[in-house]
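Dropping the structure in here first, questions after.
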Amino acid sequence: KGFTVASEDGKYSATIRGRFQMRETVTGQGVEGADRRWTQEQQIRTVRLFLQGHVLNPDLKYTLQLAFGGNDFEAGSSSPLFDVWVEYTALRDLNLRVGQFFVPFDRARTIRESGLQFVDRPLIIGELTLDRDMGLMLSSNDFLGKDGVLSYNLGFFGGEGRNRFGASTPGLLYVARFAVRPFGAFDDDVEGDLQRLPKPRLMVGVAGAYNQKTNRQRSTTGTTFVIGTFDYAHAAVDTVFKYNGLSVLAEALYRDGSPNFRDGTVNGQPAREWSRSGWGYLVQAGYMLTSKLEATGRFDLQKVRSDSDPALIAQVETAGREVGVGLNAYLNGHAFKIQGDYAYQFGRTGPTRHLVRLQLDASF
Amino acid sequence: KGFTVASEDGKYSATIRGRFQMRETVTGQGVEGADRRWTQEQQIRTVRLFLQGHVLNPDLKYTLQLAFGGNDFEAGSSSPLFDVWVEYTALRDLNLRVGQFFVPFDRARTIRESGLQFVDRPLIIGELTLDRDMGLMLSSNDFLGKDGVLSYNLGFFGGEGRNRFGASTPGLLYVARFAVRPFGAFDDDVEGDLQRLPKPRLMVGVAGAYNQKTNRQRSTTGTTFVIGTFDYAHAAVDTVFKYNGLSVLAEALYRDGSPNFRDGTVNGQPAREWSRSGWGYLVQAGYMLTSKLEATGRFDLQKVRSDSDPALIAQVETAGREVGVGLNAYLNGHAFKIQGDYAYQFGRTGPTRHLVRLQLDASF
Amino acid sequence: KGFTVASEDGKYSATIRGRFQMRETVTGQGVEGADRRWTQEQQIRTVRLFLQGHVLNPDLKYTLQLAFGGNDFEAGSSSPLFDVWVEYTALRDLNLRVGQFFVPFDRARTIRESGLQFVDRPLIIGELTLDRDMGLMLSSNDFLGKDGVLSYNLGFFGGEGRNRFGASTPGLLYVARFAVRPFGAFDDDVEGDLQRLPKPRLMVGVAGAYNQKTNRQRSTTGTTFVIGTFDYAHAAVDTVFKYNGLSVLAEALYRDGSPNFRDGTVNGQPAREWSRSGWGYLVQAGYMLTSKLEATGRFDLQKVRSDSDPALIAQVETAGREVGVGLNAYLNGHAFKIQGDYAYQFGRTGPTRHLVRLQLDASF
């Protein structure tokens, strides 16, 4: 997959790859006191271009990922940049990466985007995760050389998210993540167990983060605050298990913003801006029915702190829970797959939502 | 042209290509009761990048076309996506394509963009054709294996045009097209007869389409309706003839919107939104003076239904007709050509317009 | 660096390359009557993709440069196009280039963007230079075949800058540049003397330009005028000297707009639009401490005509001068370098600014 060229002396290599996703979505949105409203949309959900390789020596790696789908752009920006980084990997215990990339926080968000076993990530992730940011990461995927049993990531990021321009109050995002794989190394950066691993494999990870003086309502994403900045504390626990075609991914996420709100003036009017504090968890599993066919299931749930943003409270109250099932046909593994899923999104009260999606995901 | 790499087993291939267009335009716009106003502009009209090839087997093809010119973007979108599709071509009589691509409606619009014999498409096309959309197409370019004499396309599209996000009322665009080439196969997907075909070649095609509940004023393009949706019926008849350096392209287009208008409320004010119903035709011809030099001529004319959108009535009344001539220097066929043309745009009344254009179109 | 493919007959070649820049900026902005305000930002400053090569024969060259950084886009445009041109170089004394590219005016602006010895160009350049535009250039880098001693550029451009769409009043930008290299040819299109040239090399250039009826306040960039157009006259003198690791770049820039202002009506209100007339100079130097390490220094200063735009007068009064120092680690020449610099920006009065920047610039 992809073009690769390399210099004869091995000092340089470069690969160009692409990926796209086509999606059909049918939504049945409940309406208070009226019939459910059905809508549909079909989209080129995303097109990605990758340019990656190494320069000077095989341990100096770079990756460039551009995203060109209509929904891939940040409001107000025309920049298609997702990943832009260089990494020096000569030291097994201390890889150093600098650039824009996934904040190494929870597992469900950082699984590579071509390797999902549902049409899209769980609902809860959009609210509670930390998204791509610009910064620096120290890491090892095989800390101390124990056959991949130990891994860690330490990160220092701007904290305002990807493709930000404009000066901000000093205040970084600090992240630490540790993971153990007690039964040995395996690829937990991809969902599903397409290889039907002959022996059970487990990853358990914990992560914490502190985002100091961010100006965005979901910490690294969402509305930009104008009255002042907020501090966010984050925590995550996650696990991946794979064995003989069965795969399980579970994680819990926590976010605490402070202060709860700031009062100020926007365009001459008094205004109040809220931070968003809450927690939640997700469990999802898949089983390979045949070498190419997988059935999947998922549940995720959000909670909100009672003194947090009223908009978040309303969101959780009416749409904080999701149960879903799916079926995947891996025609060429994750590189060419057709995915269908159904999700039922609901809360403790209010109208519910049915979501039926069909997707083709192709890499080349 | 372009980079191509292929795997040794023939299962994969990929090609990268580019194309750009530079254009100088001088316009003399008539002004009621004043001197004609002359303006000029020079532009990188478009830059295209293509990534195409096959995956898994030679019959599973994909194409990606990105367009980066300043005018190539939809209002409110930063996505450069033009074509994104996969097609399975193992069955001669039933090719299946899914993705975003040209709606297979009329010939003058679907001729490939690098293969035009004028600087740009006829005026009428911008109003009456169906543009790129996201959907699914069944087709054959050699139906029943009769040496390319018969071809067909059946399409099912979203109906709202390219790079649309946001749910819409269910309601698809249905398209059917049939074509015969009674004297045998030839390339009618490119204008001009650069090869000076030794025997006459003819294509005659008919197409019909029905766009149910679209929210765009020109069916798949144009202003987005906010009050409600409209249904559009479309029909086209077209023909291409080539022989000994002579090429002729002619087509008639018809569009009928219903209802004629909808009354509603926009931002608290009463408002009326109109559909646009009309028809028109175009004839264009070229002759190869030498192996590299072609002279061309064109005429096209629009009509409007008298109870249709008053803005369309005014547009047709003052600028519904176009007569043009051109000269093309094909330095490397359509892959590197210099094109000049002149058009006179006019209506039954009102100010007229002179348009002089010079263009370099290069593929690499 | 980059992918290159070429046809066996030598008629075609194509290269794909990339470059990116990551930058950390710390700014201490003085505030009248308050403490200095410190802010910081970190950015993927730019990502560039290049596609270049030749078609038909080695003397017909093309270059495409796309820029994808968040700040690389013009307001209101999603087009990433920087350079798009074809050039015919068969005649040593008369190269012909057409497309969008650097206006061949002053040296400090036209030095290639990957070849800078500071984190960014001098302050004065953003105000007084001529930027990329669409047009045509005649040039020779070795006029009359005197071993690169003489070079010239004559250009005819639109005058409104890059990626402009929309008709404009006729009125072009005319540019002429002449340069001599009395001690013989050398690469003055890159800063620094990384090769430690064994013999002294000097370039002295003069350039003049006239931008007729432009609609942009800085001639080819800046705010778009709406009341009317202005004429700008430009002049530049510049020099580059390199010897044994020492490099010096100096230039003076002059711009004269006429009329000084236009009065008119904008949105029903009386309004006045000003042209910006001023001059300035810059001197910068670098010395290679080792084969990979360079120390640099810079000074630049702006002046404004007293009857010019009051906003420009205020800008020059408070921030018209800059003194800077820097340190560069060229790990792989300009293709992979780490740059740090410090600048002090000040005027005759008002608050001052400290600027500390750290940057990684990598080509691949």
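Going by the order they are written in, the chains are A, B and C; count residues from 1 in each one.
Here, contacts are C-beta pairs under 8 Å (C-beta built on N, C-alpha and C of every residue); 3 or more make two chains touch, one makes a residue touch a chain.
Bear in mind that the values here come from a model prediction, so they are computed numbers and not experimental data.
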Next item on the list: Since chain B and chain C are copies that touch, just let me know if over half of their interface numbering is common to both, same, or not, different.
Entry: different
Check: Between 0 and 180 degrees, and as a multiple of 5, what angle does the rotation take that fits chain A onto chain C by Cα atoms?
Finding: 120
Margin query: Taking the mean of the CA coordinates per chain, how far is chain B from chain C in Å?
Written below: 39
Checklist line | Contacts with 2+ other chains: residues of chain B | finding: 3, 16, 77-78, 80
Next item on the list: Within their complex, state which residues of chain A touch chain C.
Entry: 3, 5, 12, 14, 16, 51, 53, 55-56, 62, 64, 66, 77-81, 84, 86, 98-100, 134-135, 158, 163-170
Item checked: Touching residues on chain B, where the partner in the complex is chain C -> 1-3, 16, 18, 20, 22, 25, 27, 38-44, 47, 49, 68-73, 77-78, 80, 331-332, 335-336, 360, 362, 364
